[in-house]
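One chain, subunit A, links the two complexes that follow: it is found with subunit B in the first and with subunit C in the second.
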Partner chain A sequence: MASITFDNVVKNYGTFQAIRNVSFEIPDGEFAVIVGPSGSGKTTMLRSIGGLESISSGRILIGDRDVTNVAPKHRDIAFVFQNYALYAHLTVRANIGFPLKARKTPKAEIAERVEDVARRAGLEKLLDRKPAELSGGQQQRVAIARALVRQPSVFLFDEPMSNLDAQLRLDLRHEVLELQQSLGVTSVWVTHDQEEAMAMGDRILVVNHGIVEQNASPENLYSDPVNSYVAGAIGSPRMNMIQGHSANQVLTADGQNYPLFPGCPDGNIVAGIRPEDIHPVESGREGSFQAKVQLVELLGARAIVSLAVGDRRLNAVFSRRELGDIKELDTISVSMAKDRLLFFKPDNGERIRLAG
Partner chain B sequence: MSQVSSQTLADASERKGLFSRLVDAFPFRWWMALPLILLLGIFVLYPLGFSFYLSLTEYKLTNRSLDFIGFEQYRRVLTDGDFTESLKITLTFVVAAVLIELVLGLVLALALQKQKFARNITRALLFTPMFLAPVAVGLVFRFLLNQQLGLLPNALAVFGWQVDFFSPNMALWSMVLIDVWQWTPFMVLLMLSGLESMPKSPFEAARVDGASFFLTFRTLTLPMLAPVLIVALVIRVLESSKLFEYVFVITNGGPGGTTESLQFIMYQTGIRFFRLAEASAMAFVFLLVLAVPIIWMLRQAKET
Partner chain C sequence: MSGLRHTKDAPGAKPTLIAETGRLLLILFAVTSVLVPLLWIGFAAFRTPMDLTNPGSFTINPTLENMREVAKGDIPGASYRSFLVGGITTIIGLVVGSMAGYSISRFKTGGVALRFAILFPTIIPPTVLAFPLLALALQINISDSLFAVIAAHLTIVVPMITWFMTGFFAGVPREIEEQAAIDGLGPFRTFFQVVIPNVLPGLGASALLAFMLSWNELFYALVLAPGDSQTLPVAISAFNTFQGVKLGPMSAALLLTVTPVIFLSFFIQKRLVQGLGASGVKG
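Up next is the complex of A and B:
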């Protein structure tokens, strides 16, 4: 049993608040991803769980145990660092075995467990090399093997793939997920890459300016964001945000009219629509508006289409079939999928939920 | 691309006159180095060569014979008890002083690295001794350690401890003490910068892994610090083997020759007794003795 609980955690650096009174719980066995821009406090949160950073106030629990003032080595965690943090003067074998050696495990047992973990991580042939003789991907694999060897109750990953190339990231992503699922160890993974977050997390914590904006499953974050920040941070290309004045089911923004639907909020609002919820339709259809095609980026089965509506740019994602023979500089009719429109308050970005 | 250009260059040089051929043979970048080469030649290479030549003669300031006598001076120096005794004294001093400075410097550097409060002022104060002239330091200690006047012997006497810092048994160790006082800060400075330039995350990984201080020190700190340690050692061995000022202003080689360092007897032989040839021979023997460990250490540095 090793859930992770933040209870009103605050972390100050001088006058700067890196974590502002944050509370959340990550249930036992889940793979949680903390995602946010640099400086948002995501790494500080992770380091606080690991005990590498002491918190200014609040409590941190691992399982039922209050670990707020417990040293890292007594928290039963393993930490994987962004730059691998391998012991440069030790062989791969000694690196992986180090946590066991530090805990005075008998030599025979160390050897056995190192072999076992190395096999799982695909490192059998590299055991006698030094870290400098390995590629970045191999080094990170050693770091993960070192984390695995002690069988901790929590894994902490601090942007472990940001120094690796794209293909390697995808491969390693799969391997880590498979390992985590087979071991069932509660894991926290920090990244600034929302796609990585969506792909990996059972749960995602969207962090910004030292607070958790939303803590939910990837599906929920995507379809039901609590505010415009989360809506913009999750999904690629980003959600289109149209700020304007709504009256009589028409949103007016920068002199352009966008048809809305009955029940939409009136007044100054921000309407959000995801690129894949904008569709081309035959001209003159109810609820449609005119847009000029600026750019078509073909991605295989789909295409990102940049549309100009007056001075505004909207991103749309069309399927191959929708795209048809639409090409750049065409003027087309498009409509927004009405049940997918989200509304936010223009001042604080808070979601305006529709009645019923 | 490069083939084409070298081809055209070769064609061009065939048509050139004497001046441009000279320019080709001695390109401009060499001329740029000429002033330095000249200075080195005049102030380093020539004196070095000349003193080596002197060591092969009978040259004295009182009898300026430049007659070549081969390695006679070297034979004399090596069979002369004074020189070998002095070599022993100097090596004892170097080994003791540098070892103490190394260990003390490392301990202090590790402590200073952890310090959070009043960092800069502590460091500034700790580093002051090495900014003082060794002659001044020697004079200060001459009085500080003086058996009648000195603060330290008087302070020790309060506890019933009579110490004569410049007795035959103690004098060399007092020199070591002074050197340690003056030059440990240098070790601290080098090691501290070495420690502070180390990546932090392996140490954090070791904290999470539960490594004790000694395990972390052995597997992380020491190997990563090794290149700095070796450079510090090389510099201090070279510097401390030039022990002269403390001896000159405090003991003048005494008592009973127990602090006659090599530099000191070379100075005496050459400048006091005018036997420049013999002093030169001593210098070259010492150079050889020093070169062996220094080259070995630099090799080690390259490997790490």
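Up next is the complex of A and C:
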């Protein structure tokens, strides 16, 4: 068990900076998710923790130990790759036992531990098969079992489910979380899927262009993003961003007026409102504005409603009850939940926090 | 490539009668030009010298006389030496070639240039290289020995296997090696325990191809070991005497020589195409 610390880490590839002076700490036993678009540096960060990538400057610590220049095999980590990286010529049993065999563990102990891990991962019946004879989900289970078998102090997962279908992902997600919770091993999971990040992480690091935009719990990221990038990256459908000029508690954008409330910042701002914080109200109510319903996507208990306000599209999520008999091409009154509005600077996207 | 084939097989796009006939004629021509000499050798190997003097006739009084003569002469010894030369050439070629191929594929040793330049030695005609090699062999006292022949064959086999294996190694996912590094293997154990098992088909094809090249090779062997260390092709060429070509025994010897080759090609042809494809496309 160990925490993971990045201390001013920089990674250059020639002139390209993949990690730009990043510092963070993942406490012992937490399940941390690094989320970001492709090319954001998230995989490079993970590979740096594992020692598969050397860093250009800074320090990486696992627990209290500086592992910056330590070989992967001495870092006491296990890595699960996107393409599983199973040894194709070995059986499932030999694959899972490989890390132990490579470290000259006694045969009897290997057999015992492989059996134990295989049981946990639901692979008992497949131990004598070759990887090619397994489905994608089973192959990934073998890769995870191989990571578990050595009982390392850190688990690293590099988009391990991106080659699996949706239902299997959900199942495996639960299994991984249960395993992690029962073992209490510090884990880092890389994904580009913000929903997966929200569902799995005790902590999420939102990465973009080689920096960590925000490092916080899922609840905090969602309700209290530090900038417009994080606000847009977390939550689905995305937060609506309305850029305009604010004066006298009215935001004017593209010729449309959006009522704000006392205490809102004046000047050029970006107002952010999540789809689920836009609600239909009776017409004429204070703080409401008119919108035309363009599209209703019913998802069961909720519906994604696409609204047109002038030329602008706003996404809203209505509950079944709110939706009522609203249908496409209706013009309705909506309001934004006041306390859920967030404001950002238009130039750098930084959050404008309200006084008090 | 698969796309092209797909359109060809698409329903409604049936080839015309003329195209189909042309295709079959072409195949027939190719097959005939390969098979006729082989059949002729197989035929001649069991004909009497008398019958052979009349190439126009197809009479046959089957005889094992030719085979007996071959068995008496130097052919069995030469076969053994050829087997030895082929075997040793193949083993050295595999060890050096697979390691070189891995290095070029993984570490970009020598850059893109070396990937293709590695084949240059095979372009040099044996006639150019044979006499410098002979001079060298004389100097270090290994002329007319199997060592000289093996060394000469390696000039062909090592580049060929290196190039061939480079393509196969490129197909091995890098993550497997990274996994091995995390599991605690060093570079050599990673190579032998993790990488090599992934390229066994390629290694097998390389081995057979190398063996066949060496087994069939005449010119180097003739120049470097014409005396007591004759290989099979050299021994067979000896049937071309000053009294004329001894067609019967020569055919019998040839039949014995090509049979293992045909047998082997049957096994490797599929892998061979695969290997050539792998090497070419991913450059």
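Keep in mind that, in the parts below, the second predicted complex is superposed on the first by the 355 of 356 C-alpha atoms of A that agree within 3 Å, B and C clash if a C-alpha of one lies under 4 Å from a C-alpha of the other, contacts with A are read in each partner's own complex, and residues count from 1 in each chain.
Assume a residue touches a chain if its C-beta (ideal position, glycine included) is under 8 Å from a C-beta of that chain, and two chains touch if they have at least 3 such contacts.
Quick caveat, the model's predicted, so the values are computed rather than measured.
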Putting subunit B and subunit C on the same copy of subunit A, do they fit or clash?
-> clash
Quick one: classify A:A78 as touching subunit B (first), subunit C (second), both or neither.
-> both
Looking at the overlay, what does A:L298 touch: subunit B (first), subunit C (second), both, or neither?
-> neither
Quick one: classify A:L354 as touching subunit B (first), subunit C (second), both or neither.
-> neither
If you stack the two complexes on chain A, which partner ends up touching A:A337: first (subunit B), second (subunit C), both, or neither?
-> neither
Subunit A positions touched by subunit B in one structure and by subunit C in the second | 50-52, 71-73, 77-79, 81-83, 85-90, 98-99, 102-103
In their complex, what parts of subunit C are in touch with subunit A?
-> 173, 175-176, 178-185, 189, 194, 197-198, 200
Interface residues, subunit B side, partner subunit A - complex = 199, 201-202, 204-212, 215, 219-220, 223-224
Touching residues on subunit A, where the partner in the complex is subunit B = 50-52, 71-74, 77-79, 81-90, 98-99, 101-103, 146, 150
Within the complex, which stretch of subunit A touches subunit C?
-> 50-52, 71-73, 77-79, 81-83, 85-90, 98-99, 102-103
